[in-house]
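First chain A sits with chain B, and in the next complex the same chain sits with chain C.
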Partner chain A sequence: MLFSRRLMLGLAMAGALAFPALAEGPTEIDLFFPVPVDGKLARDMGTLIKEFNETHSDIKATAVYTGSYDDTLIKTRAAIKAGKPPAAVIMSANFLLDMQIENELTNLDSLIAADGVTKEQFLGQFFPALQGNAVINRSVYGVPFHNSTPLLYINADQAKEAGLDPNKPPQTWAELTDWAKKLTKREGDKVTRWGIAIPCAYDYCGWMMESLTMSNGGRYYNEEFGGEVYYDTPSMLGALTWWNDLVAKHKVHAPGATPGPAVSTSFISGNAAMMMLSTGSLTYVRDNAKFAYKVAFIPRNVRNAVPIGGASLIIPAGLEADKQKAAWRLIKWMTSPEKSAWWSRATGYFAPNMAAYKTPDMIDFLNKNPDAKTAVEQLDVAKPWFATYKTVPVRKTLEDEVMLVLNGKKQPKEALAAAQKAADELLKPYNAETSLKLP
Partner chain B sequence: MKLLKGLFEDAPLATRREITPKLGLALTVLLAIVWLIPFLWMVVATLRPASDGINTMAELIPSAKPTLDNIRDAWEIGDFPRYFLNTTFICTGILLVQFVTITLAGFAFARLAFSGKTLIFYLFLMQLMLVPVLLIVPNLRLVAQLGLYDTLTGVMMPFFASAFGTFLMRQAFEAIPTELEDAALIDGAGLLQRIRHIYVPLSLPSFSAFAIISVTSHWNDFLWPLMVINSPDKRPLTVGLSVFTATAEGTQAWGTIAAGTLMVIAPLLITFLIFQKRFISSFVTSGIK
Partner chain C sequence: MSLAEPAALPVATSAPPRLHALRRFAAGLKASLPAYLLLLPSLVFLALFTYGAMGRVFVDALYQRTTPKAPVRFVGFDNISAVLADASFTGAVVNNLLYAVGTAIPSIALALLFALALSRTNAVTSALRAALFLPVLIPMVAASALFLFIFLPNVGLLDYYIGHLLPVLPNWLGDPDIALYAIMIITIWKNAGYYMLFFLAGLQAVPEEVMEAAHLDGAGPFMRLRHIILPELRPTFLFVTVIATLNAVTQVDHVFVMTKGGPSNATNLVLFYIYQQAVEHYDIGKASAATLLTLAALMALTALSFRTLANREGGP
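Entry: the complex of A and B
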């Protein structure tokens, strides 16, 4: 006999052990996603995940809608603490540092190495500007999925009517102020059309402040270390003063803190001739504007610079190995050139994967919609997005004060000093553990 | 007009010439109009075709060519019948269990004598001071340990006991004369029988007042169900609706939002219109005004 009885028995045992694993069926994983633009995208996300499941029979992914970017962070954290981490999350790119400090993220280095590529090769697929928010202490913690920069949107019809050339958009703050003055329409004391609208609501307000501060030559926070923000600085004071001057001095920007949807609505309806808004709103503007529009870089005072925005894919800590592997395959699939190009066309976000712009569909699309190129071009001057220990509360200390200024209740100088004080207080425990912990 | 007639002609002689009731009426009408405007806007916006453009979005004047497109869009984006079912299940489930717990706990605090009663009662009331958000993580951890993560039971669980309800029932039971209970006691009724036949029937207005508060607050709850539920088919209405109201980058489809909101509030609104009189009288008799 070729096979001894013992060997046969052993094979049967091995078979019995191996079989249940196969019979268990596909690995079930959850992907948490916030809604970046509007409800139709929730359907697009459903389509994307359905396609993934159809092409990967051993994985069953479920897309779980989790509210705003801030809500998504709360839900992910609560799920991790409850011992039920999701397999992957589309997480606001600036929350990664805070989560890494709290040990809530899986370090992706070993997953990348297991694919036989180096970190540099892996990261090399993405625009360099995005790496600052994905790499922490030289380890990869996130994969860029959809990203944005702020843009200046201009109503070209109204610009022409005011004697301005929309093909030569304002490049400096001085020019922008000038444009805004010319574009504002008044009937007596009443303003019937605002020259410019800049959003200020939680999340958006901090991003716009960072953008203006960077264009003013400054920094918002320490990009290398999570314990410092630079609110009470000349560059930020200049930025906030200019914004406030648009409201209080030149009266070309509506007073008060305007949320993002109100800004896009007033631009679309012609009640604001220019607006600063994310490239993530581009598809919405393209679909709804009944006039010619232009998009341009955010004007500079000192230099051209913008923060990136948008979200990265992450894998939370504490996941079983099989789910981690399945999540990694999902992430690689979602950030592949074709998928990220498709998602970019649906949303207006740009595709982080550079190869996406070489796919035939994308080349076609950009030929038809040259405005989609602006954000990509602006990436050359883009820098990482505000990220510290306790990102959300630290961001809110500034936003609360900026809102007071725009409402005419505080002067920029005192507001920034108050914000700095509140933020320092929040950062204290982290600094005590790190930069102030002396040997 | 009947209202005006009642005020000016049928009113008791003593108040007919007084100015106060008329001012009161004027104020009520004013408040009603203020309340009605957003509601009207929602209906108008729901029926407005997207082709009218965003310029007309703020107007209260209905479109010349009303359309059901927005309702269809909202209906397609979310599985609304299922969301309705889930929300209804959550609200009734919570309420039914609450009825049992608040009746028994309210009775214990109102009528039973045990040591440390006042202290325990105050501890109980302190729960009212806690912001629910504070309890999300501990509650979620417990729900997960019980194997109820991503289940509707998990959504309901933390609300099975209600400090407010217990307080309300304690007040209601204390107002009932002990003689009634004594009479039942002489007839040989046990503890539960006394609660069932004396206390519960006499406190019905308080029960319905509590039911309204409980149902509306859980109908509107967003954050807790968002935390517990992962499966799309277990979403309640609030979470389902927010799919198209929450935005990150500043754009909104107002028509679809209006349509979705209308669909979400419709059941509560219809119930209110049907049981209007009942609702109001239960608040009046239970002393919540």
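Entry: the complex of A and C
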């Protein structure tokens, strides 16, 4: 008896000693996240990750703020180079192609297959317009997380005051020009209120050019191949000429390049009556505008079309298997209908998961805030966001020239020719390596 | 042989010159060994993080990778010639020279003015000195974020206060003709208080007797400034100029925060160009080549300044 009791005790002791060794701590993972628009996204992200950690005891996720979309790409690349990639990153959706070309992304096909679903079933949860920036060469590399389209924001009070009906927003470029003229206020030669503001800072400028070019019937880049951009084309020339006319001819748009925050500040302060901005700024406008406002589709010249914006969740290449698995669980949780819907309400981005719009909270929210529907409705005419080899420098070649035009230093035609030349130069090695390579 | 003997004699009695020098060196080493030992930790870290990195940059500058699929290949000085042929690099150099002159001269002039005005210590000047020094304490990134709102077109503080005086409201950071000057303002605002410290210290070193003598001889304040104070401050001037020039090349936080080198590269400075090549273009070869060129220019400049400094002070 004594023997067996001692044995029992010994076994219990051994068990207690072995326990800490057996019970592994939670898998620690980092999530890099950017804040590309106005508002309190960083605080909301803290709330979201706290909830994830509370419901997943075996994973400890840490949200790491990484700046703008461009900065997030840079920091992720630096972390990969240093051999310590974060487990997951909320990455601007248009950087995925560039990263895939650089072998920096984990192909998600096998993780999807391990869950017992097909790629089609997995992607079927998300709006079809988002797939162009998530699937590369028929493999899944990103999971849409928060997405956007550009919107036309209108100060409804000022529109009414100018004799315009904010419930019938301008639908064409001609109407928009007309509205902008009526909404611009002058004292002598001095403009005291601008009719419209369109952001042009690095990153935003290229997206707005893509939007205007699409509305003008054109395209920005080759959606199937990362080595071609279409800057020196009639459709882009028409778009840039119209934008420049707002500045130089009609004088309803402030000259010079204006960053996104300056545009939203101008709008909020009543200094600009209309603005084109991401739906990602919608919550910020809702919380801060002291006037009635309306949001509408981006007006067309030839057709209604907008580029997708926003970000996808990615898993960088070079991670250990357990971290990869933990990241995959985090990604699936964050893109689930409920979380996706919560994030959309918090930020103004639309929820990429279609089922998010069937959750009771979201139905309730949309009834109270019909303005949040516009971006989702606009998805029917949305197309992929520009994505090329070396996306950022290739995009900058265009942005630098557009800034010169908006400052009255160059004419649209010569500016676009220069942008095309510079972009072709950057794309040359990639083309030589791929499309021009003879068998 | 016999004729040569007497001449060789004095040499033979003392140690051969080579050995003599060695012995002197050994004695010197023995004496300064503790000093070298004290310097050793710094030297280790410098070697690891500065000289090692510099060596790496030198090697990287000789190689080029075009696409991810293509192998890295040796290109010799191609990267250097590519950088020199790049219009955005030459543009950045011109911007940087303009920026260096445009920030160094006003901030040094202001610093001297502050120092002269506040050289006497009392409660008022102490408070003013602290007030002028305050911008130095604010991190450049925070200061830039602050100025972002000051420069905001139409609704910013600057337009709010002086906008009504101008016929057209300038887009301070959005106009390539103005943006570089706009960011110069922050640098001047931030550095003037810092350089003031050096001038205050320099003024302390002006001998009291000389000033008194000049005063007795009937030299007015301007004469004293021109003939005594400014010449006495010459080493301070040189030192501050070197610091200001180096600052003009190494401070780019405000470019990151406010303009990202834009609009249309108008505020692109050399360091930001290097950063763009390395992380945006993913072109390590060109980034390294540009770094080498910058390093060479800065080293030449610093060597020149030290020589001038040494000459002025008489040397050993």
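Quick note on the criterion: the second predicted complex is superposed on the first by the 413 of 439 C-alpha atoms of A that agree within 3 Å, B and C clash if a C-alpha of one lies under 4 Å from a C-alpha of the other, contacts with A are read in each partner's own complex, and residues count from 1 in each chain.
Basically, contacts are C-beta pairs under 8 Å (C-beta built on N, C-alpha and C of every residue); 3 or more make two chains touch, one makes a residue touch a chain.
Note that this is a predicted model, so its numbers are computed, not measured.
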Clash or fit, chain B versus chain C on superposed chain A: clash
Partner chain(s) touched by A:Phe145 [first = chain B, second = chain C, both, neither]: neither
First, second, both or neither for A:Tyr204, with chain B first and chain C second: first
Touched partner set for A:Val64, first chain B, second chain C, both or neither: first
Chain B versus chain C as contact partner of A:Trp194, first or second or both or neither: second
Which of chain B and chain C A:Thr265 touches, first, second, both or neither: both
Chain B versus chain C as contact partner of A:Tyr221, first or second or both or neither: neither
Contacts of A:Lys390 with chain B and chain C, given as first, second, both or neither: second
First (chain B), second (chain C), both or neither touched by A:Lys290: first
Touched partner set for A:Gly83, first chain B, second chain C, both or neither: first
Residues of chain A at both interfaces, chain B in one complex, chain C in the other: 74, 77-78, 259, 261, 265, 269
Chain A residues touching chain C - in the complex, by the definition given at the top: 70, 74, 77-78, 101-103, 189-190, 194, 200-202, 254-259, 261-262, 265-266, 269, 271-272, 389-390, 392-393, 396, 399-401, 403-404, 406-407, 409, 426, 429-430, 432-433
Contact footprint of chain B on chain A as seen in their complex: 30, 34-40, 42-43, 62-69, 71, 74-75, 77-79, 81-84, 86, 148, 199, 203-204, 259-261, 263-265, 268-270, 277-278, 280-281, 284-285, 288, 290, 309
Complex contact set, residues of chain B against chain A: 53-55, 57, 73-74, 76-78, 136-137, 140-141, 143-145, 149-150, 223, 226-227, 230-232, 235, 239, 242-244, 246-254, 256, 260
Residue ranges of chain C touching chain A (in the complex, touch as defined): 66-70, 148, 152-155, 167-169, 171, 173-177, 260, 262-265, 276, 279-282
